[in-house]
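Each of the next two complexes has chain A plus one more chain, namely chain B in the first and chain C in the second.
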Partner chain A sequence: MHIGLLTFIIFLPLVMAFILMVLPISMKLTRNIAFLTTIVVFLLSLSIFLRFRLTDYMQFREFHPWISTYGIYYSLGVDGFSMIILMLITTLIPVGYLFLWKTRKSKGYWASMLLMQTGVTGALLSLDLILFYFFWESMLLPVFMIIGIYGSGNRIFSTLKITIYTIMGSLFMLVSILYLGVQFYNEFGVWSFQLSDLVQITIMSPTQQTLLFFGFIIAFAIKIPLFPFHTWLMQTYSNSPTGGVFILSSIMAKLGIYGIVRFVLPLFPHQYVEFAPYFMWLGVFGLIYFGVAALMQQNIKRMFAYSSASHLSLITAGIFSLNIYGMTGAAFLIAAHAMATGGLFLLVGTIEHDLGIRSISGLGGIAKKAPLLTVAFALMILSIVGLPGTNGFVSEFLIVLGLFKYNNFIGIVSATTVLVAASFMFWMFQRAILVKTDNNISKMKDLDKKEIIGIFGLAVVIIAMGLYPHWFLYKIEPTLQHYLVDILKVGVSS
Partner chain B sequence: MSNYLLAWIVLIPFVSSVILGISYLYSIKVKKISNKFFTFLALLAPMSSFVLGVGFFFGLKNGVSEYLYEPYTWLGVDNYIINMGFLGDKLSIFMVLFITFIGSMIHIYAAGYMKEDEGYGKFFAYFNLFVASMLLLVLANSPLIMFIGWEGVGLCSYLLIGFYFSEPLNVVAGNKAFIANRVGDFGFLVGILFLFVYVGKLGFSYGALEEYVGIVPNHILVIIGVSLFIGAMGKSAQIPLYVWLPDAMAGPTPVSALIHAATMVTAGVYMVARFHFIYDLIPSVGVFIAYIGAFSALYAAIIAMRQTDIKKILAYSTISQLGYMFIAVGLGAYSSGLFHVFTHAFFKALLFMGAGAIIIALHHEQNIFKMGGLRKRLPLIYIVMLVANLAISGIPPFAGFFSKDEILLKAYEHQEYLIYGIGLFTAALTSYYMFRFFFVTFEGKNYISKNLEPISASMKIPLVILAIGATFSGFVGLPEVFGGTNMIHQWLSNWSVDSTHVENFKEIVLMGISVAAGLIGIAVAYVKFFKYDFNQDIKESGIIYNKFYIDELIDFLIIRRVRQISVFVSVVVDDGIIDKTVMLLSSGFINLGRRVGRMQSANTRAYAFFMLIGLSSFSLYLIFKLG
Partner chain C sequence: MKYDDIIYLLPLLSIGVGAVVLMLLSPIKSFSINRLSWVTLFFLVFAFGATALNFGHVYSATPFKDIFSSMLITDTFSGYFSSIIITGGIVTVLVGSHYFEKANMLRGEVFSLLLFSVFGMMLLVQTTELLTAFIALEIASISLYSLMGFQKNNVKRVEGAFRYLVLGSIAGIMLLLGTTLMYAGTQSTNILEIAKYISAHPHANTTLVITGGTLILITFLFKIAAFPFQNWSMDAYEGAPLPITAFMASTFKVAIFGFILRFVLVDFHELKSIWNDMLFYIAILTMIYGSLLAVFQTSLKRMLSASSIVHTGYLLIAFVSISNIGESAATSIIFYLIAYFLSSMGAFGMLSYIASDDHLRVTYEDFKGFAHIRPYMAAMMSIFMLSLAGIPSTIGFIGKFYIFVGAIQAGYTVLAIIGIFATFISVYYYFKLIALMYFYPSSEMTNVPPLKGMTPLFIGIMALLIIWGGIGNTLISYFPGIDFLIDTARFAYQSLFM
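What follows is the complex of A and B.
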């Protein structure tokens, strides 16, 4: 049986997790091997990026029967859009390891991290809806463990809340998937849950399609999260340990967006176009709403939770802008935001590690004690506020341009993005990091060597993507053009 | 000169900045690096760029029409292609020359000013990052690449204002500058986007824009013009976005000289000149710009009359002088505005550097009323400051006379008599408040008796050079009425518009009037302050001293309201309404579960179980009803 590259990328971490748990080896060795595994996976996906061809859109296909009776296949593939997310996931996870290196002292933690990686890459690369659903659900389990066992505050309640919320959303999606399968069976007489098959269903009425459209959208909207499905986020982020919040914010939230583009867009193109204006407005509303709410937060993680929600709303507006600029910008912002937010959460994690959990007013004066951390922190903030020269600017510019293309007014409103994040980020930076206060921060240590390599590596990518975005973007474009021209049939620049 | 060297004008200071930054971090974390290393690396950058600039200058002079270097496609989506491009034409090389020259002077000065500072290396890392961004701003070949420099200088301004970041006030001032600039940048971005949407497909270099700008409908062009100018309001501190500049004086004095007087704040003027092909088509917006400039000039001059902090006086005078520049570019006299940018860079940098020398000598005293009699104690500073004051007051033959007079003349020629009147009146106010500061500081009945800190040679030399510049730089724009050729207009002939010239006699009379206005201001200042006794109390109150309470008003009307809304959104709406609703729904599930399942307590499985039931029935419904 042929086993492809994508299978390796997905299952190598899982296999390693089992081996490491079974073998009687120390936590340190477990951690080191786990880290090596993520590096190997990174190199594998880099080779995919370099070998990705511009001519084709779905590549590195793998296709094996799984549960043949019900037409469930093990079907994988990567296109330009999933490739950029794959690259960012496999780049970010090793960076996360470098930061979590000193903090966690249990084998189970590192095994959970590996399991999580299998879950997210599996969900990302699946082209069969049942397979996707399987990974989609399984990627949450390790996160629950990480938050539930290693979290702080009211962590059990947070775990419960995120569980209820996301499982509830997922169930709507499951129902919709099953319903689609049944429809396919009714029309063609065989079972299939392959995306390429389900898009061919023609017998559904617009009402049915609309209901199913929202069935999917709810699941993804909760994960992103979109207004008003966001309240789990703030609590979960503030109670999660560094690793958990890092994964949730920089990786899982992006999969919500990914799900919309991968599945909702081709399955329900009419509804996608029809409801696009509402989602654009919802996105722009969320951008401002969450940005305003972030301003007065006392807890940094809670502030970043709002900040994330604000940016993810903008990304959502971008994917619904129905033109190539907004779509490309959204794809780029997925990567840009994941890097910057991920980096910020990791840095906040080291502050928490040294000083304990404190509100913003309990910090201050860190810049003098930890200059390297401060520099890294500042670079991440600059990307978040969209300073030209960082990847944040390129993506926000493209999204706003996309919205402008749709309508000048929404474009102007969305351009306030240059003000939204800047207003709270710099103020937070001032109070938490720069200005000296009476608070005792003597335990604060600067970044160690591993952390320096991780975070400044990330910073170099952030700036490279800002100074030469074209090199990173040109491989995504054909895929997005395919979505717009062949699937949505709206043309590249409607 | 090879085209690719254009990129090196920007790259040299950028690379220098990166090396300086890394070395500085190495120096504080691992092993101390001597200041000599930092000084060498820091000074090398602007000087090398200056040399390159001179090379391009001669190239252009010898007939090359423009240099263009486009190393790679920066962004290309669909048929929107933006190249990373550098354009060396007469305007950008003109800007490069004075930025790198003044920059080099201020670098030398700063090497003396900052020598005791523990953040020496960091200072120059930021400084060169600023120079690189500023040069990118002027050399860019497309509005978007310009925007990288545009925000880059804003970032450096933020970093340098908050250079001593342990003090809250400095960081607050930095934040204020950044946010105010961002408000401007919002406008700038909207302007760019409108341009992009309407003509972007045909290319987005200045050349392409100039060629195709005609296809943009006029009302959109007005939006574009105004939006772009909002960006200029922020960067160049014009009403109403000027509020950040006086507070920006919290930064070290060389920063004020380089960024907040000579170079960055003139970016707005440059931008309007660069987009002249847009503003030429919408003269009504131009007149609006001129009025904003005139009122900013007047307003800032009024506030400057009552200030006591030496740097604040200079900051308001910068706003005021920038106002003059906008009068010129608004009326389409771009080369006249740029001429004033040029002379202003000399005398304003000189004023700040002189002020910095005084501040150092007096152990960080900035209140002019605590100074006095410095003429005898600091004779060199006295002479250079006298030159600078005469220059800004528009007294011939010093530099400011030629450029300011030309702007007033242009206003007169355009028959904007109100603007002319405001400009003339402001000229009188300018010489008044400048000589008020000058007499109080250097003359007066009292003498500072305490020991003065010695001023190092590296601070003195640039002062002398700039004083020579402030004396003679006006002659490059010698009015033709004196029989010379106006080299500025010749050089920037693409940016100078021929308007109806007044006759020579009238021009001489108008000159006489503006010199008279300057002299009146000096005379009033002389009477009031030449024999000033600093033991008498200074009235530090009143509406003018308090800058018309604008800061307080902004705080009350905007900042506090936004914070209230923020609390309302997160506490009332989010926690109160949305989360409550959600939790109520789920506790509905729990209660239902309790009753139906007679369970003792709710747990995750219970939730999942009951939802599963609910959703299964829903799906059954869907399947049977709809399927």
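What follows is the complex of A and C.
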């Protein structure tokens, strides 16, 4: 039987995780082999990127029967939108490893990281809804373990909270998936849970469609998280170890957005267009709400947690803006934000590793002790606030442009918020990193070699994407145009 | 012809002979407990092998038709259930001998009683005759009453056994009364005959049949601990020794479902809609009641007992759906039963294996930090919990998927939603155990039995089966996957109508 590249990308980490757990080898060897695995996966996905053709079709398809009684297939494929997220994930994870290199002393941690990678890439590449659900739920378990075992504070409570919260969302989605499957069966007389099949259902009433639409949206909104489903966020972020925050903020949250675009958009195009204004407003509201919440935090990690949620709301507004600028900007911001936030959380992780958990006022003067870290930190912040020359600028500019296209008022509000948030970011940077205070920071060390390599890689991509956005955009544009023109039927710039 | 008949009856016969042989062997002092357990295992494995002879094809036969006058039937359906029941017996013997030795209550008779109970359950799933069903049910139940109260100096055990005895007997009498009314209405106690009678006389007065059927259904609802007949189960499960609780909660339930499925599908296919409204509400109440009960338990044994009520509720969902989509709903019950059996038997078995003499480890608190002491055992326990909670990549998910799809297809979306809601609640009490095992530093647990020997191996195989049943495979050809399991369940269903 033919086994394709995507299968290797998905299952190599899983297989390695099992081998590493069973073999009686040391933690260090486990970590090194796990890191090599992620590098191999990165190279595999790089070859996908290079061989990706400029069409809106699904490529690198794999299609095998799995549970044929119910027409469930092991069906994989990649299009422009999922490819950029795939590249993002497979690039970010090795960088994350380099930063987490010194922090953890257990095999289980590295095995969980590998398992998480399998769950995430599997969910990203599945084109069968049951297969997607399968990976979507499985990626929760490693995170459960990472936060529960290696977290701090009231970690057990927050682990159970995020687990129950997300499973609740997923179960809503499961009902909707099953309902769609049954409707397909009723209409066509055969079972299928293929996305390409389920979009053909015509017998559902608008009420049914709306209910199912929200069944899906809740699952994704919890993962992102969108207002008002964000209540798990703060506790989980502050109690989880650096690796956990890194995964949740820069990888899993993006899959929530991805899920909306991949599944909700083609399955319920009418509802998508109908409710788009509400979600755009919800996104802009979230942008402001989480932005204000971020300002009031005394702890850097908590502050970034909220600012990350704020940007994710902006991305959500972008995907619901129904024009090519907003959509492209959102796709771009997914990548830009994941890199910048992921980098920031990792950098904060090293500060926390050296100095312990401190509030912003307990830091200060780091610039002198750790100049390289400061430079890296500055670059990430510049990307987050959208300075021209970074990828953050391109993406935020495009989204705001898209929102202006829709409505001037919403555009002005979002543009202002983005600018005000920027100034507060700099203020935080000044207090925590630049200004010298009396606080004892003698334990602070600068980035080591591995961390430099990791952050340098990120920095190159951030700037390259900022200076030459076209290199990256031209691969996703056909897909997004296809979404807007063929599926939503709203045209490229409504 | 006669030769075939013997082959068909071989599993049942060997268990029956085994039970008698063990009864005779048990008073002999020189025959050690260890040897007795090996003899028991021999008979069970032999019976399993004999059942396995007929695996893989759809068949239906009435062995020794003249002698038994069509009371017994062997088909794929009974073979499927028999193999589950025998496996349950094997696990119970394996974990039981370890547990009873620690709990100081191991006597030779235990094995004999256990085989008698297995015999009764196997008879129950192979009979097409209501009186035989009553006798089979009583053989199985009376052996279980005795096993529950075996530790006669323990008041709690005796009390639990006695309660179960009283209530269980009343339920048994309902079955008997139902059979009588059924006979009065149709002049037969054979399920096939009754079915023929009902379809031949569509306009006849069916009051007696319906009343009789209701009484039989009540017995069934009682034995599977559905709302409002669930109260005995918590006491009985709590009072019984752990391996026996495991046997009752998983294996016995499977056997009862086996009988009632045959009864409802063959006999009352045309009348079933009468009970549908009742079963609809019973399913909902069973799920809600069981969930609420399970959430507040601090003892793992009680939690598993309460959650088995919830699983009864899921099965009832499919039971209700049978009236609209016969085949797939019935198949989903058959499939779910094996999923539930593997997970629940595994969890209970692991629990009884871990529980030791000086300190019965049965509360959540006792499992704090368990993963650091016995990582593989903790991993198995987690697999069982995940499967019970229906998380993807376990067989429990496929089972639930099957049931909920069936419910939606049959037009009972409400039931599916409530079922999913119950699943959601169950995540809390199942994940709590995983969290406690992994997230606490290792505690001062002593006397944890090591991971070696037959028992953990067998439990480990069950854990692997759960994963295999949940993932199946598509990439390795020539190796059976989930489709194989679903097909097996479907063959079992089809054999009922041959």
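Structural remarks
Going forward, the second predicted complex is superposed on the first by the 490 of 494 C-alpha atoms of A that agree within 3 Å, B and C clash if a C-alpha of one lies under 4 Å from a C-alpha of the other, contacts with A are read in each partner's own complex, and residues count from 1 in each chain.
As a working rule, a residue touches a chain if its C-beta (ideal position, glycine included) is under 8 Å from a C-beta of that chain, and two chains touch if they have at least 3 such contacts.
Note that the structure is a prediction, hence the values are computed from the model and not measured.
In the superposition on chain A, A:25 makes contact with neither chain B nor chain C. In the superposition on chain A, no contact is made by A:464 with either chain B or chain C.
When both complexes are overlaid on chain A, the residue A:368 reaches chain B alone and has no touch with chain C.
Touch criterion met: A:141 reaches chain C, while chain B stays clear of it. Of the two partner chains placed by the overlay, only chain B lies in contact with A:289; chain C stays clear of it. Of the two partner chains, chain C is the only one that A:70 touches; chain B does not reach it. More residues of chain A are in touch with B than with the other of chain B and chain C.
In the overlay built on the shared chain, the residue A:168 is in contact with chain B and with chain C. Applying the stated contact rule after C-alpha superposition, one finds that A:58 touches neither chain B nor chain C. By the touch criterion defined above, A:5 lies against neither chain B nor chain C after alignment on the C-alpha atoms of chain A. Overlap of the chain B and chain C interfaces on chain A comprises residues 160, 163-164, 167-168, 171, 174-175, 178-179, 182, 186. Interface residues of chain A, counted against chain B in their complex, comprise 160, 163-165, 167-168, 171-172, 174-175, 178-179, 182-183, 186, 205, 207-208, 211, 228, 230-231, 234, 289, 292-297, 306, 324-325, 328, 365, 367-368, 371-372, 375, 382, 387-389, 393-394, 397-398, 400-401, 404-405, 408, 411-412, 415-416, 418-419, 422-423, 426-427, 430, 434-436, 446, 467-470, 473-474, 477, 481, 492-493.
Remark: chain C residues 386, 391-393, 397-398, 401-402, 404-405, 408-409, 413, 416-417, 420-421, 423-424, 427-428, 431-432, 434-435, 438-439, 472, 474-475, 477, 481-483, 486-487, 490 touch chain A in the complex.
Residue ranges of chain A in contact with chain C, taken from their complex: 1, 3, 7, 64-70, 74, 130, 133-135, 137-138, 141, 144-145, 148-149, 155-156, 159-160, 163-164, 167-168, 171, 174-175, 178-179, 181-182, 185-186.
The residues of chain B lying in touch with chain A in their complex are 25, 28-29, 72-78, 80, 84, 144, 147-148, 150-152, 155, 158, 162, 165-168, 171-172, 174-175, 178-179, 182-183, 185-186, 189-190, 193-194, 196-197, 562-563, 565-567, 569-570, 574-575, 578-579, 582, 586, 604, 607-608, 611-612, 615, 618-619, 622-623, 626-627.
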